[in-house]
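Here you go, one structure.
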Amino acid sequence: MTASDASTSHGHPPKIPRTKDELLRLYRQMLRIRRFEELAARAYTQGKISGFLHLYIGQEAIAVATKEVMEPGDRVVTTYRDHGFALALGSDPKACMAELFGKKTGLVGGKGGSMHFFDRKVGLWGGYAIVGGHVPVAAGHAFASKYLGDGAVTFCFMGEGALPIGATHEGFLLAGLWKLPVVFVIENNQYAMGTPLARTSPVDDLTVRGPVYRFVTDRLVVRDVFEVREHLARAARRAREQSQPCLLELVTYRFRGHSMSDPAKYRTKEEVERWKAQDPVHRHERELMEDFGVTEEALEALDDEVVAEMQAAVDFADASPLPDPEERFQHMYVEDPSAHPELGPFDRTDIPALTVRSFDPKG
Amino acid sequence: MAILQIREALRAALDEEMARDPRVFLMGEEVGHYDGAYKVSQGLLAKYGEMRVVDTPICEAGFAGVGIGAAMAGLRPVVEFMTFNFSLVAFDQLINNAAKLHHLSNGQFTLPIVFRGPNGAAHMLSSTHSQAFDALLSHPPGFKVVSIATPYDAKGLLKSAIRDPNPVVFFESEVMYGVKGEVPDEEYLIPIGQADVKRPGSDVTVITWGQGLPVALRAAELCAEDGIDCEVVDVRTLRPLDEKTIFDSVRKTHRAVVVAHEWPTCGFSGHIATRIQEEILDELDAPVLRETYEDVNMPYAENLEKLVIPSAERAREAILRVAYHRI
Amino acid sequence: MAKVITLPRLSDTMQEGVVARWLVSEGDKVKRGQVIAEIETDKATMEFESFEGGIVLALVAPEGETLHVGAPIAVFGKAGEDPQEALAAFESAGGAASDAASPSAPAPDAHGPSPEAATQAEAGGPPTQAPGGEAGETPTDRRIPASPLARKRAREYGLDLRAIPGSGPKGRVIVADVEAARAKGPVAQAAAPAATAGRFVDRPDTRIPLSQMRKAIARRMAESFRDIPHFYLSATIRMDRAAALRAEINAAHGAKVVSFNDLVLLAVARALEEHPRVNRSFAGDAIVEHGNIHVGVAVALDDGLVVPVVRYANQKRLTEIAAEVRDLGERARTRKLAPEEMTGSTITVSNLGMFGIDHFSAVINPGEGAILAVGAIRDVAVPDGAGGFTAAKEMTVTLACDHRAMDGADGAKFLATLRNLLEHPAAMLA
């Protein structure tokens, strides 16, 4: 995928039918992520956030569409660019912002920061900061689903930058070998930090890696949240109903640098502008006005509401206390097993068999 | 009371725990159809089936990660490394994931998982297959680390490791799987974090674990001929370390030697020596000495390997030195 | 630059010493080879010939202070040079500039400021000087090597580490040394309360610093009694013929040329020839059977004792032995023995007969397998075989043996031969 592909279609009229309410709902979710990220960036420049801060601006449609296809018990495992998933899945923006601020009230009590959001109750099973290291872990979640027969699907997101590393392929291999209920999604934002895909991959279509692991593969340029939702839903259905692992490549773009400290000099202004022209947030905004007659004033009012919600998150984070000193030792080891239901008694005996292939010399 | 080999004691522990809790499963290279590279898991596939005795391809990062992910999702994996030398390619999984995720998720996820397999030099396997990870895997907080040297300890501690709600690194030894010893017929557990005085004595405390134990016991016998009465403390668990037992013994003998099958530089033996001097310096009548591998990669040749690994004779010299006994 | 003169290592066991007397003064001009001081070692007081010449700029070591080998004792140089400069340079070089000290001497340990000094002060050890080595620092302020436990025990017992000889590596005081020191009894008890006023004269205890010799004796005797399983064999010997022979020889020379003890020494040497098992010592992993017979002679001094050695005693004539013992004894009393004259004995003879002691047991000199304790010659009445009594001379000897190196029968056979030789002494003159 090259950047020029982005300008091939504007998607009018939309391929996927939609209602105004549905569009407004998804648009609002995407806007929430964008405003959260913008306010986080501002707080970073004010010195309220430190460390690495990777923004999701430009890729919001993916997280929002994922939430649309998830069922209770499903899991999302993602990278260090994880704020969007937390917000889309339903994490409290206050706790998210407080985590960025390193506060006691943060999602993980100030232990993880931007790169390590975990929110089990909404299905966010982690933001992982070692590239590719979470792929086998996601396969492990899916292994447990198969073992326990819980019907859950694990969605594992990675950047295209995770494709070169071995752990990714070892995770793929085991998921394919054991036919695990997992959807691997490559969020191809075209730059691994500052390195464009063409300099790390011999092919542009990253899904060609799928068939060697017997994955069902699929590929889409992200312009329309409804399209993303449809492709994700197909993959999720295969994983859930047939325990068929899938590999989905979503070509997208981040409008900010890799992290706050990245001036993104490795790409041209023209390229950024070209992708901005089909930024799903702006496209859906135009769509709301042009196709559904939503007024500019109404959209401004909606934006004000979203900004107010996110500003409240900033205010909350600002006002929150720092973690207590003794909290640094908390949760090094399990302190109270009874506080963790998964450690409690287990009396099921209906463990299914694991699918094992037999070798066919003819291939 | 049955006489079992260490491999049989480990197998009994796996069998009992798999029967007790259907969430427990064994995963690793050759654990199933091959019956285990060192026959620890012999017969378990036939009894528990392929979902619970899982043969994996050669992909340590992959299956260690799958184990971690499965543990987070409620299972109780026992991941076997054919040797801990192969765990090196899974160190990101072990250290960045297994040892961190409970803390990093602020307690939201638990990781009841055991990583077990042989550690340390075996016999003439050369440098890539003769490494000791005692210090490497005890260094990052987050793991519990166990090292066994007798069938009794092997069974009681593996059962505790499997039931532990935390990630446990469980060190065994290729050359000790055939070591025999008494194992009670009735069920028992040995708590993680309890050292065991394998030989009581009054003159010098010899602290050891794993493959060091037979060396330490032999050295104690040699020293008895010199009139030095050694107390051999098998720590059994490196993390959390039972410092009380060590300190109590050193308070009695005022002298300590650590015998360890590991390298000396930044080794766990050094950690023990440090803790003794930090806490009970005034009890020491001599510096804490160590008998470890020589600080060199393990050569293949038998005579060279013998020189590198700890010997009872060298341990004896260290013991006599701290006892100010003339050699 | 001026040269720092350090305390020389004058014997192979010397770790510390004392400048007993300076024979030069500041400002004197000294030539190479000139005797500049008398140094008291663990064995003897020896003259110290300077390796350096020049003007004596400073005498750093006060007389009577105990110093480690390699410690600076004086500074020589040209007139007008600053001795402090040379001392500072010496300290900063870690004491390595010493050319008088042997390389194996623990010189670097003994010198100058060390980070341990603070620790020691904290631990309640002997007072230490602040780092920097300023003028005024006295040699005794330097750190005493001691194990932490030894420090703690010494503190608990109220013992001064400086007064405890260290038996560990590099003279480290270990807990066994502290316990041994304590077993020797209180050295610094508080004065008794004045309840006895009036009737009794109350005199305070005196604390006597250990001389080098006293320290060596303490260390070696404690080591011997601790490590060597002693057993004792006594025999009573008729000395009538020996007395007659001695009288005859002395009459012939017109002087007291030969003593009873000389006869005993000769008899011991000859008996050892027949019983090499008694000329053995225990060496940890082996028993050493000594090829030569070197007999040590214990010589009492005012402040201890020394054991000069009669070498190849079995190959010497009685008068040779007698002359040698007299010479050694005199030089021992004036502390003029060379260290090598006091090493290498394979057995020792200790005689307290001149003090009227009937019999006693002695402590084996480490490195040897036996020691013979000789009592006084007594006039006794013995049965004459005809129902009456007759006057006789008897002497009781007690042989202490290292049971690790020999057994009772070995010592008994040796004593039987010894008795036979002394009861028929003329044979030894053949």
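When the chains are written out, they are named A, B and C in that same order, and each has its own residue count from 1.
Note that a contact is a pair of C-beta atoms (placed from the backbone, for glycine too) under 8 Å apart; a residue touches a chain by one contact, two chains touch by 3 or more.
Just so it is clear, the structure is predicted and the values come from calculations on it, not from any experiment.
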Would you identify the groups of chains that remain joined by contact if chain C were left out? one piece
Relative to the centroid of every protein C-alpha atom displayed, which chain's own C-alpha centroid is closest? B
Winner on C-beta contact pairs when B-C is weighed against A-B: A-B
Between chain A and chain C, the Cα-mean centres are separated in Å by 86
Separation of the C-alpha centres, chain B versus chain C, in whole Å, is 53
Calculate how many whole Å lie between the centre of chain A and the centre of chain B, each centre taken as the average of the chain's C-alpha atoms. 40
Which positions of chain A touch chain B when the two form their complex? 75, 77, 107-109, 111-112, 116, 118-120, 125-126, 128, 130, 133-148, 166-167, 170-171, 173-174, 177, 330-335, 337, 339-340, 342-343, 346, 348-349, 351-354, 356
Can you tell me which positions in chain B touch chain A when the two form their complex? 21-23, 25, 49-52, 54, 56-57, 59, 61-75, 89, 92-93, 96-97, 101-110, 112, 141-142, 144, 165-166
Sites on chain B touched by chain C in the complex: 254, 281-286, 324, 326-327
Spell out the residues on chain C that touch chain B in their complex, using ranges where they run on. 123, 147-152, 167-168, 174-176, 284-285
